[in-house]
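Two complexes, one shared chain (subunit A), two partners (subunit B, subunit C).
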Partner chain A sequence: MNVIEAHDVSFTYPGANGTALRNLDLIVKAGELLAVIGQNGSGKSTLVQLLSGLQLPSTGLINIGNTEVNDRNLASIHQQVGIVFQNPGSQFVGSTVAEDVAFGLENRQVPSDEMPAIIKRCLQVVDMWEYRHTSPATLSGGQQQRVAIASVLALQPKILILDEATSMLDPLARQQIMNLLVNLRQQGLTIIMVTHHLSEAEQADRALALNNGEVLAEGPVHAVLSQQKLVQQLELHLAPGEHLLNQLQQLGISTPDRYLTTEEAVQWLKQRLNLTQ
Partner chain B sequence: MAQTAIEFNSVGYTYHSGTSLASSGIRDVTFTIPSGSFTAIIGQTGSGKSTLVNLIAGLSKPTTGEVTVLGQSLTKQSNKAQQAGIQQSVGYVFQFPEHQLFANTVWDDVAFGPRNLGWSTAKINQQVQTALEQVNFPTNRYQQSPLELSGGQQRLAAIAGVLVMQPQILILDEPTAGLDSGASQRLLLLLNQLHQAGVTIIMITHHLEYVAEHADRVMLMGDGQLQFAGHPQELFRNAELMKHNHVLPPAAVQLGQQLLPPGTNLPLSLNELAKKLATQLKAGEQDE
Partner chain C sequence: MNSQLVFGAYIPLASPLHRLDARAKLLMCVWYVIAVFFAYTWWTTGWLFLALLAAIYLSRIPVKMYWRGIRPFVWVIIITAAFQVLFSSGGQTYWHWGWMSITSDGLVNSLILIYRFIVIITASTVLTATTPTLQLAQAFSSLLTPLKYIHIPVDKMALMLSIALRFVPTIMTEMHQIIDAQKMRGMHFNQGGLLARLHHVLPIFIPLFVDSFQHSEELAVAMEARGYVAGAPRTQFRQLRWKGHDTIAMVLMVALTVGLVLLRTYLS
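Our next item is the complex of A and B:
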């Protein structure tokens, strides 16, 4: 089932000289984890804004489920699409973690006797239930981002979009968020993740590469990431394994011509070094 | 001997001091930072890194102890004028500084600080030009609205707005967050150039690869206290201390542990690791 269908979508910011996004076609299937990659200014954030109804296409058509993204359907779009941004601090409103999750539910007029169960379930999913009475301001960045995800999940979106949601987190917190996303995907949630990091993109099912407002490549993640020139052009932060293999290649060692995740790269190198039994 | 740019003497800072909400930001922190050094500050979120640099920048006064920045001292008793003195000699690039761009054009945004200081128009124009050139900002976009720029360009414009004041000390809080790899490398190159020119650089970062490659000193904060101050190599080889403070070693160290024989001196950068592995792989080929 397609949860997102975009046909020939273009977008120009009011008063801007150039188009931010041109002739985009995109289909996202239910339960997919899609990585959106590209340089700063390539149109990634514009795409996020269009898919979530924060901006409307200048031309072209976007459907979320059976709902067309237009100014009459915004309430329905906001209900179906949840977003987590780069800076978690800017999204907090409650004085405790639990209140923060409750805020969105109150806005949706969820009956108050149903709220405690929803709050508990969502905070447990992100492993933050024990912090329910804590002020969000005193949490670490990774914990804040997990609460932000819980607040969005509480509203039961069909699609979760993360716009560089890990970019200000330390590597450990980054890994925890990625593990959480992989779990949520396994439970059937559709996830779109904007990232500059190959170590995150490589865990997706599919990748959409944007360049200068246009689609440069789209497909299964390993097929997209195996195009070395493309990866270079996008100026992604290489995953450590890929970085190491690139360096080895430059030093005259022949390496596999398809993309290897860091784990696969270590296994491949172990074999070459005769470190495996 | 290098002059001291910054000195902390048993410095503590408590948020909401004297109220029931009082919570400790940092405790009993003592260190010096030599003039012209490139210091990285690392540690988990909430470990006290931002509290520390707010004190260096004169944005807050210590609750206990004494902070000295470029010879100007700051204690609990100091007045606003003393705080302002420090603020003027320290440039501070906040997290996501582009959120603070507000003028109609890039040029006006960078010129805002100098105009407030009442410099002559000629001097302002010259300094703004220099600052934008320093960050390699595309000349054809000086008159564009900051809102029309890409995230990377906005970041550069915001940094130019700090550099235009010609600070002797430059603090940057996660300056590469959200930038693609190319923009990150260009920004680090700029910091290296400023470092070469004698500016004291203090950078909060989670990227230990950057620390290994660029910083000559590193300070590790944990639980509001200074856990380590010294050379990056020394810290990265202290796995126990890193683990205790929830900091992952650089990727090269993690991979090196899996790929190099036990007891090998682990390289800190992936490029060095690749060289070691290439030598081994080539030796292996000759044996066969």
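Our next item is the complex of A and C:
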């Protein structure tokens, strides 16, 4: 089942010279994890805004589930799509972490006595329960991003969109969030993740590469990521495995043609070492 | 700057005052401030001061925190009191020069003024230090509910108030970052005359304004994405609960007022 269908979508910011997004076609299936990659200014955040109904396409059509994104259906779109923004500092409403998670629940008119349990569960998922009485303003960037994720999870969206939502996390925390996302996907959540890190993108099912507002490549993640030129062009942070294989290649050692995740690269290397021993 | 030092910050503790309903505390504070304006004899001012000491004690917050609440206002208080002394007349005159004079009435009035300043600031610090800002905003909107019937958007105003309060520490942090950044670029804030200093303030406030606008825009988008629709019905996470001790507190306020009236009438 397709949860997102975008047909020939273009978008120009009011008053801007260039189009931020041109002729985009995109289909996302239920339960899929889609990585969106691309350089600064390539249109990733713009795409995110369009998919969550925060901006309406200048031309073209977007469907979320069976709902067309237009100004009459915004409430239903916001109910289905949860979004974690790039800048965690300015998305907090509550004066404590718990109150911030509660904000969306209050808007949904969740009964007051059901809120504490939901808040507890979501804060535990992102490992921020002990900070529930803290002011979000005094948290570190990474902690703020976790709270922002919890606040969105509390609303139980069908589609979760993260716009570089792990950019401020340390590598361990980033992997924890990645694991969380992979888990959530297994429970049937559809996830779209904007990232500059190949180590994150490689854990997705499919990848969408944007360049200058246009789709550069789209398809199964390993097919997209194995296009070396593309990866170099996008100036992504290489995953450690990919980095290692690239270095080996430059030394004249032949490496597999297809994209290997870090884990696969380790397996491959292990085999090579065993063979040459 | 530590956000704890900001005037009006909440200090989380488990005191009897912390446990009171925010509406009760808000009412008590307003009530007390009104009462302060009816006290100008030794007995009545002393009586109200005693009540304030009791509140400070019951808040379990160290007195030095209250001092921190008053400190930013010290100069305002001193200057206003000085004006009061120099420019009011009546009673015995001790000294005078042109328009200015020091009279017994002037001294008494300025003492009362200092007393009111300190007592009112401290009373509101008791309120804000023992009540989370969001609850305070909720108490406002709850007490002002009747205004809804004349189409004043009380809920929206309360949300606005609580968001504004929640942004104070963020803006403080940002201001310090901007000042630091300007210092790094060779700006010296404590040099030069008034005009030079004014000149220094602009490079701080312009980025601060730009940042605040950006914040508010991003926040508006984030609120919308989380299903906020202005004016739509919402539920409340923190519910205000009026309990027995809140009623007792109100009774104590009545007693305080009766005491005030008696002292005013019979001991002046």
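Methods note: the second predicted complex is superposed on the first by the 265 of 277 C-alpha atoms of A that agree within 3 Å, B and C clash if a C-alpha of one lies under 4 Å from a C-alpha of the other, contacts with A are read in each partner's own complex, and residues count from 1 in each chain.
We take it that a contact is a pair of C-beta atoms (placed from the backbone, for glycine too) under 8 Å apart; a residue touches a chain by one contact, two chains touch by 3 or more.
Everything numeric in this text was worked out from a predicted model, so none of it was measured.
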> Can A:Gly241 be said to touch subunit B (first), subunit C (second), both, or neither?
Replying inline: first
> When the two structures are overlaid on chain A, which partner does A:Thr138 contact: first (subunit B), second (subunit C), both, or neither?
Replying inline: both
>> After the superposition on A, what does A:Ser112 contact: first (subunit B), second (subunit C), both or neither?
In response: second
>> According to the stated criteria, A:Gln79 is in contact with first (subunit B), second (subunit C), both, or neither; which is it?
In response: second
>> Is A:Asn87 touching anything from subunit B or subunit C once the two structures are fitted on A? First, second, both or neither.
In response: both
> Of the partners subunit B and subunit C, which touch A:Thr96 in the superposed model: first, second, both, neither?
Replying inline: second
> Which partner does A:Leu269 contact after superposing on A: first (subunit B), second (subunit C), both, neither?
Replying inline: first
> Looking at the overlay, does A:Ala223 come into contact with subunit B only (first), subunit C only (second), both, or neither?
Replying inline: neither
> After superposition on the shared chain, which partner residues are touched by A:Gly104: those of subunit B (first), subunit C (second), both, or neither?
Replying inline: second
> So which positions on subunit A get touched by both subunit B and subunit C?
Replying inline: 87, 138
> Which residues of subunit A touch subunit C in their complex?
Replying inline: 52, 54, 74-75, 78-79, 81-83, 85, 87, 89-96, 98-99, 102-112, 115, 119, 133, 135, 137-138, 151-152, 155
>> Residue numbers of subunit B touching subunit A in their complex, please.
In response: 23, 44-46, 95-96, 145, 147-153, 174, 177-184, 206, 246-248, 251-252, 254-255, 258-259, 270-271, 273-275, 277-278, 280-282, 284
>> Looking at the complex, which residues from subunit A come into contact with subunit B?
In response: 13, 15-17, 38-41, 45, 86-87, 138-142, 164, 167-173, 196, 234-238, 240-241, 243-244, 247-248, 250-253, 262, 266, 269-270, 272-275
> If you look only at subunit C, which of its residues touch subunit A in the complex?
Replying inline: 3, 12, 132-134, 162-163, 165-167, 169-170, 173, 214-215, 218-219, 221-229, 232-239
